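Same chain, two partners: chain A is paired with chain B first, then with chain C.
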Partner chain A sequence: MEKQEEHHILSYKKLAMVLATLVVLTGITVGVSYVDLGFFNVPVALAIACIKVTFVLLFFMHLKYEGPVIYLSFISTVTFLIIMIGFTFFDVAFR
Partner chain B sequence: MTETQSFYTISAPPGMHGIKAWLLTHDHKRLGLMYLAAVLFWFFVALFLGLMLRTELMSQGKTIMEPELYNSVFTLHGVIMVFLFVIPAIPAIFGNFLLPIQLGTDDVFFPRLNLFSWYLFMFGGLFALISLFWGEGFPDTGWTFYVPFSVEVDTNVGLTVTAAFILGMSSMLTGLNFVTTFHRKRHKDMGLMQIPLFTWSLYATAWVQILATPVISITFVLVILERFLSIGLFDPDKGGDPLLYQHLFWMYSHPAVYIMILPGMGVISEIIPVFSRKSIFGYKAIVWSSMGIAVAGSLVWAHHMYTSGMSDVSVFIFSLLTFLVAIPSAVKVFSWVATMYKGSIEMTPPLLLSLIFIYLFSVGGLTGLVLGAVGPDIHVHDTHFVVSHFHFVMFGGTGFAFFAALHFWWPKMFGIMYKFKYAYVGSILAGIGFLFHYVPMLILGMQGMPRRYYDYLPQYETGNFLAGIGAYIMCLGIVIMFVNLALSFRKRVVAPADPWGGTTLEWKVPSPPPVHNFIEDPILPDFPYDFSGITDSVTENTDERV
Partner chain C sequence: MHSQIDKTGIRIGMWLFLYSEIILFGGLFVLYAAYFHRYPEYFADGGKELNRIIGSANTLVLLISSFTVAASITAIQRNAKKKAVGFLLFSLLCGVIFLVNKYFEWGAKIHHDIYPNSETLVNGEPGISIFFSLYYVITGLHGLHVIIGMVLLSVSLVCILSGKVTAERFSLLDNSGLYWHLVDLIWIFVFPLFYLVL
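On to the complex of A and B.
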């Protein structure tokens, strides 16, 4: 059996900092939506969203403090999603 | 072991009696048996419906039912068989019963969640039943619920896909429980390469259940939204795409084939070495092939869509990827055959059923390659060839593995033996009936007979008639098999803890096992398939006493 990871309790200060970061990034998303970046409109919005997701996963969902089994499980899930979406483009992009 | 100490007489949680001890149980073994009762009920309903379909097709024109009823019956047969029998059969019954024991622990990681999964399964089945008698009756869409028909038709599609949605949740939660138990509750001294292959196959399956099932759940929600709100997701007039539905449906439903077959392969990997009295050939290769099938099986969904109008690039790539799945599947088949080579083989009903599995699954796999290649697939797409192919895999494969598992672990689950003679008769009739039933369908498909058609041209009558005869022989064999098992309760010939000479942990505990599985900390062998200490033959233990 794999070793049990120790419980990790985050301080209020750290949680508040993450929350503040998320609020700021939300503000940036709203702000950027008023600027016409042409082709980059969607990629920039997605990039900001990805950064926010990373913060939520690492701190609110404690991924930063987990062991290799949880990392591997998470990576498998994301890989599956990438395959499902990515392989659909073999059809949609070449019709 | 006295009977008072078995899990039948001591409840978990303690202090409950009668029906309450079952309906509120946290015991994985009781839940396995509760799944067994429910799954067998659905199996026989769907088997009867299938037999009615083949009876209808035995002659041209109307034989026993009208076309509208025929459409509903083949849909009902498919939905029940797929969602209520083939997918849950081995993981929910034998997985629940055996996975914690094979891992050397007392229960699954989330026992209450396990009970909740069973209730979800029952509610899903109840919804399917209600949809039969509610509103416009059961859908006639086929189990695939393809749009635009499923969005436009008046029948009870909404309620039926809700049933499938609930059943999907049950499947996901079972998968989650197994993965967590595998990692977090395994015996502290059990390394990854000491885990029995049945448990490894359940682990690979559980990942597919967790990752793929949400896709079909979302898809079914979209169908319901389309029916009630006409959003236009699949409607080209509103900017939608009907092929999107097919992509989403097969993103789950092709991996679902591996949810069905992987646990069956795990069963065979347990049975073959026990009755060959020989260590399994290629243990690590089988472990990796299970994981390989889980991964590769998730990359090939669009091979169901070659004729649907998707791009040629996609057709080419998915055809190529499909051939990859054959490699890990073949690794397993060759390993089973190599295990038997120069083994000290003892024939028993579980072994006979396993051999039938290997033969039928091989035919199913090889006909799958015919369909994976684009050229022949376009010729036989949506014909009886396809029907025959997936029945060779799902029924010849998973179905016979289920029968084998039932005969293999019956003494462990109920603590009693059954008569070998009738088990052989039932198995042989089922196997021969299977071939008479499905080989004519392969030929009919090559001749061009479409699937799901109520009527056909005169040249297809002989093949359909022969297939109908085969269906009756097969069903007779299955009935004999189950009556024989049921009769074992009347004679109650007590089974020893290890009637077969097995080496995995479930054979080290009494039959039936005590409520917490192990009275003492189990002694783990370095390798789960070490038969060097097994000298008794099977017949000495069992056959003479039955």
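On to the complex of A and C.
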């Protein structure tokens, strides 16, 4: 438990870079939304959203610097979420 | 007297709570997915009614506020109390801007007779009605989270000023920050699903 004292300090510069990335990705989503990609409209929008969320989680929520307990429990939650959304959607789509 | 604070334990507790929030909104997104599959054209029509400019502006406001909250945690860890307070005040301002935008957005919708149980929605297509019901429930619940997040940030702000939150002991600010970032996370999904469906 000696490790718990050290809490990673993120520099302002790094945080600002993450913010810049997020703003650029927002611009891309808005830009792409004006192009009709047919079936790919939603998947592309969701893929960009997932990339943005990953940046927020890793740096703003410092998940990158957390120990295995938080890291693994987070992955379990996401896995459960995917099962919940995925299986419900399979049921609806192929009924 | 020597008392040790289990910072990791405090954070794990906060994360467990955040997981329940993720599942809560996940459930609403399942609902969205199922009805989007059933009424794709009406969802696209409904999405065109929403103002992309306000939606994009709110996205930027939340992203910037997330950055300033993260920066205030960096500041408090470096013992820069004034900076941390400044960053938090700015984040709270962003929260207010977000809610004011939301107020005008909802106001415009209600003015156009688009709200749950309004004449237009009741007599119109069920797909449009479901789209706007989901819109009001999800953005409403998200707005409530913004308000709760602002309360938590304000409490942290007061505690910084009164010296209860310091460079050695900043878990309250840390956890309030995590909550605020979660609000941002949810918005990152709400924004493309409601405002950007073609």
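As a working rule, the second predicted complex is superposed on the first by the 90 of 95 C-alpha atoms of A that agree within 3 Å, B and C clash if a C-alpha of one lies under 4 Å from a C-alpha of the other, contacts with A are read in each partner's own complex, and residues count from 1 in each chain.
In this text, a contact is a pair of C-beta atoms (placed from the backbone, for glycine too) under 8 Å apart; a residue touches a chain by one contact, two chains touch by 3 or more.
This is a predicted model, so every value here is computed, not measured.
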Chain B versus chain C as contact partner of A:T29, first or second or both or neither: second
Partner chain(s) touched by A:F90 [first = chain B, second = chain C, both, neither]: first
Partner chain in contact with A:F60 - chain B first, chain C second, else both or neither: second
Chain B versus chain C as contact partner of A:I48, first or second or both or neither: second
Touching partner for A:V69 - first (chain B), second (chain C), both, neither: both
Which superposed partner A:T77 touches (first chain B, second chain C, both, neither): both
Partner contacting more residues of chain A (chain B vs chain C): C
Common interface residues of chain A - those touching chain B in one complex and chain C in the other: 1, 4, 69, 73, 77, 80, 84, 88, 92-93
Complex contacts: residues of chain B adjacent to chain A: 179, 183-188, 190, 207, 211-212, 215, 243, 247, 251, 298-299, 302, 310-314, 317-318
Complex interface listing, chain A residues touching chain C: 1, 4-5, 7, 9-12, 15-16, 18-19, 22-23, 26, 29-30, 33, 36, 41-42, 45-46, 48-49, 52-53, 56-57, 59-61, 66-67, 69-70, 73-74, 77-78, 80-81, 84-85, 88-89, 92-93
Touching residues on chain C, where the partner in the complex is chain A: 6-8, 11-12, 15-16, 19, 22-23, 26-27, 29-30, 33-34, 36-38, 52, 56, 59-60, 63-64, 66-67, 69-71, 74, 77-78, 177-178, 181-182, 184-185, 188-189, 191-193, 195-198
Chain A residues within the chain B interface of the complex: 1-2, 4, 69, 73, 76-77, 80, 83-84, 87-88, 90-95
